[in-house]
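Chain nomenclature is as follows: A, B and C, assigned in order of appearance, with residue numbering initiated at 1 for each chain independently.
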């Protein structure tokens, strides 16, 4: 199930029917009148993890902003809702890869910007893409656009994207995601390029009607949108960081759609209140236990191997994720190029082998500190690891940190073991980026340094042969595992619930594609 | 008459507390909590940290009186153990705060004017932060642990003791026996230690009894925010934190974390009030 | 005399505010992690990191950072949010009404009940009602706000579904519905607090000479309580409300977290955990100022009513 960015998959409607069946959805008899249902027949209320930060895609901080941007701006191509990674045309009427470094496109002629900024032209595409990579923009999303040289404008609505070198992630994370949003050159220039929380011009099926910080963002239907009309008149996006709170709100009928915690999956499998349904999607996240290779206590390779073997991944997942997730084999999830079929060390612990390794290591009275975030999922997992390592005689002290201190762990020289999770975009390039030698002192907290790994990270994104590319990333993960610095745990999962009024449209990792949400 | 608290005086106070029906109830609860804390390791039906993932998130049963948490640990046992954690935090914190607060308060009340103003300013400052903000900064600074919680709790309650000690010292400063001691050439530290401290301790002891619930609640609050004790320590706040995260999987974690805090608070407050009435009968007038 | 006291009291308030804000400034900067790392995240370019470091003066010595902060503060400039670029003043002022509404609602329902309970108990000392009221008032003091918040969330939102679980709501009635549980949680412990102060104050007033004279003159007990005693006895309660603002702010932080309500408490917790320095300082400044002002005003009212309070500084 590799990621082929071809354009073959099932139609959206066909997929949605399938998804509902797959999602083990059971309905309860419709109960009390829900607030969302009672309020307004055409207002969709969904939850976002965080609040909107910027309306400028160049400074988008990720999923929260992108859910809004994807609704009010257009891209050449958009992710196609479904279970398999794919894209579909949006603002482009044609996109064609001419050779590994040239991509020709033509824009539709019926897309216009609001506030009198006129029709969308190839100049807007050129402006939008080139400013992402321009040094002066200081965009955190620059890496997504990779080796973009420039965009050649060949007609009012035609152009060619020119790359410095082949860049496989162009189709998976550049064009259909944050960096691919096309903004109005005229509107941005009118604002001296400084767009913060108010969009100067929009073009998508929705317009951002209002924003109340920490309360909600309201989208309303764009009357001038000429594409396929969206199903909902209004979308209210409520920032709720805690999944548990979101579930309470959903069950109280205050939300139509939300991601739910893995701990609630078992309960929702037995039925979702108010006639709603549960959909289970995989996730691209990766969680792992890391060991700081520079720490004096962790210098002995046999000790690290003993720890790797003594962690029983299925038990950790059963306890922390309520058995709703599968063990992972590395940092690249199934469905993406380079996913490993199996890890070298099986997920199940081998306590005999671990004890033997520990004895061979000659280490005695091992006491280690395990840092993790103060979220129940992580503290639960940490306590299981603590208990299992105790069975081979390793004492673990669980050090729970608030997020500020935790994410500053690069500065912490005394970091020993760390239970961590990173988010991910649908391209392996994004995963290996954090474990290079260059990242030591930044995000490579294990201080893993391997020349071959660095080399793979530098070259694999240019490889257009999928099988060869996959082999490279698999090798990279073998190297990580062999270093003894990693015990891969899981890619987690994305369970979402929706009310009976709505038929959600989701990316294969469960991310909401709001503009394609249908009525239920 | 320099030392109010003689043998007969203490038994007199005890009798007064026992006569007060609420005081009696308070004393019973306090005794129960202390007994739980002391004997928890022997009376818990299960090892409070023993995991049994197959049995997780169960409702109450004969085997697990309050059900089990997400790791299949017995909630009832963890609740009992929680009493020990609560007192482990509360007693040193309250005692430490009392000693330091008394010292600083007496210095403020007895020392030069500028020192008094300076100390009062520091106390006002600490008091003027919402406790949680102050705690959050301190925990982030020194890292979370049982000792950090004790430190935070101590820092935030020192001002209360210091203020009371200061008032008490000021009111006694011009008392006859202090004047006499001073005329006899006794040094200031000696006057503080011999004449003023014993008369301040009584009032502060009452305050301590009344303060324990605040401290227990503060510990719970910090642990609830994920800034408290380290896992798997079964503090009541830790139970509440997990209970909030698992609020629809099991209500029992919140019950097991919340009710003991309320009961403990009730007990110490009833007891403290009765104690105050006994120590200082004039506030009881009209009753 | 009163003016002198007021001036001195405001001086103390200003110094307290200064020390508190400075302390917080230093503490938050000593804590591991800074906004360049935490807020900008892994994808920030070195140029952006460098620019933010310079903007926040993080490359300067701590003392200089502090001077810059106060320099800006004197010009009414609290800086801008690291991400959205919006003025911190605006961000804090947006959240303030939510917290004030919550505190106001909590006071509004708990104080009258507390006053009645305390007054009634004092009017009938040593009766069953007095005892019961004592148990109630001590008992509800016993409940830390966040424990009540959790228990009421569990019972009234999750199980009974009487009240909404999250947010602040829109429109008057909806906002009111959203206020019920958090205000209940925060206010509950206040009932007992107020009742006890009211009872003590009432007993003192009832024992005063002029009340005794009225009684001796044969005036009925009810008018004495309602017309003379209550009016005087309620004054200390007024000053207590001022002092209690700090306490209510702390409770509000928890209520805002448990009920996912917007407000200063939620803002400051989020800002501290993401090391968003400008917002941390803005919110701390606001809440400390609120507290210091409330206690100062309460002290002044107290001093106006009771000259003795002025003498002992």
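Throughout what follows, contacts are C-beta pairs under 8 Å (C-beta built on N, C-alpha and C of every residue); 3 or more make two chains touch, one makes a residue touch a chain.
In this text, all values refer to a predicted model and were calculated from it rather than measured experimentally.
Participant: Going by C-alpha centres, which chain is most central here?
Facilitator: Answer for the innermost chain: C.
Participant: Could you tell me which pair, A-C or A-B, is linked by more C-beta pairs in contact?
Facilitator: Pair with the higher count of C-beta contacts: A-C.
Participant: Once you find the CA centre of chain B and the CA centre of chain C, what distance in Å lies between them?
Facilitator: 22
Participant: In whole angstrom, what separates the CA-based centres of chain A and chain B?
Facilitator: 46
Participant: On a C-alpha centroid basis, what's the spacing between chain A and chain C, in Å?
Facilitator: 40
Participant: So which stretches of chain A touch two or more other chains?
Facilitator: Counting only residues that touch two or more other chains, chain A contributes 248, 251, 402, 404-405.
Participant: Residue numbers in chain B touching 2 or more other chains?
Facilitator: In chain B, the residues touching two or more other chains are 136, 140, 225, 244, 247-248.
Participant: Please output the residue numbers of chain C that touch at least 2 other chains, ranges allowed.
Facilitator: 31-32, 153, 158, 272-273
Participant: Of all residues in chain C, which touch chain A in the complex?
Facilitator: Touch residues, chain C against chain A: 31-34, 37-38, 40-45, 47-48, 51, 83-86, 91, 94-95, 153, 157-158, 161, 164-168, 260, 262, 266-267, 272-275.
Participant: Along chain B, where are the residues that touch chain C in the complex?
Facilitator: 21-22, 121-122, 124-125, 127-133, 136-138, 140-141, 170, 213, 217, 220-221, 224-225, 240, 243-244, 247-248, 251, 254-255, 257-258, 261-262, 265-266, 269-270, 273, 283, 285-287
Participant: For a test of understanding, state which residues of chain C touch chain B in their complex under the given definition.
Facilitator: Going through chain C, the ones touching chain B are 12, 15-17, 19-20, 23-24, 27-28, 30-32, 122, 125-126, 130-131, 134-135, 138-139, 141-144, 146-147, 150-151, 153-154, 158-159, 200, 203, 206-207, 246, 249-250, 253-254, 257-258, 265, 268-269, 272-273, 284, 287-288, 291-292, 295, 312.
Participant: Per the contact definition, I'd like the list of chain B residues that touch chain A in the complex.
Facilitator: 51, 53, 56, 70-71, 136, 139-140, 143-144, 225-227, 230-232, 241-242, 244-249
Participant: Which chain A residues qualify as touching chain C in the complex?
Facilitator: For chain A paired with chain C, touching residues are 32, 35, 53-54, 59, 61, 135, 138-143, 194, 196-197, 213-215, 238, 240, 242, 245-246, 248-249, 251-252, 254, 402-405, 407-408, 410-412, 434, 442-443.
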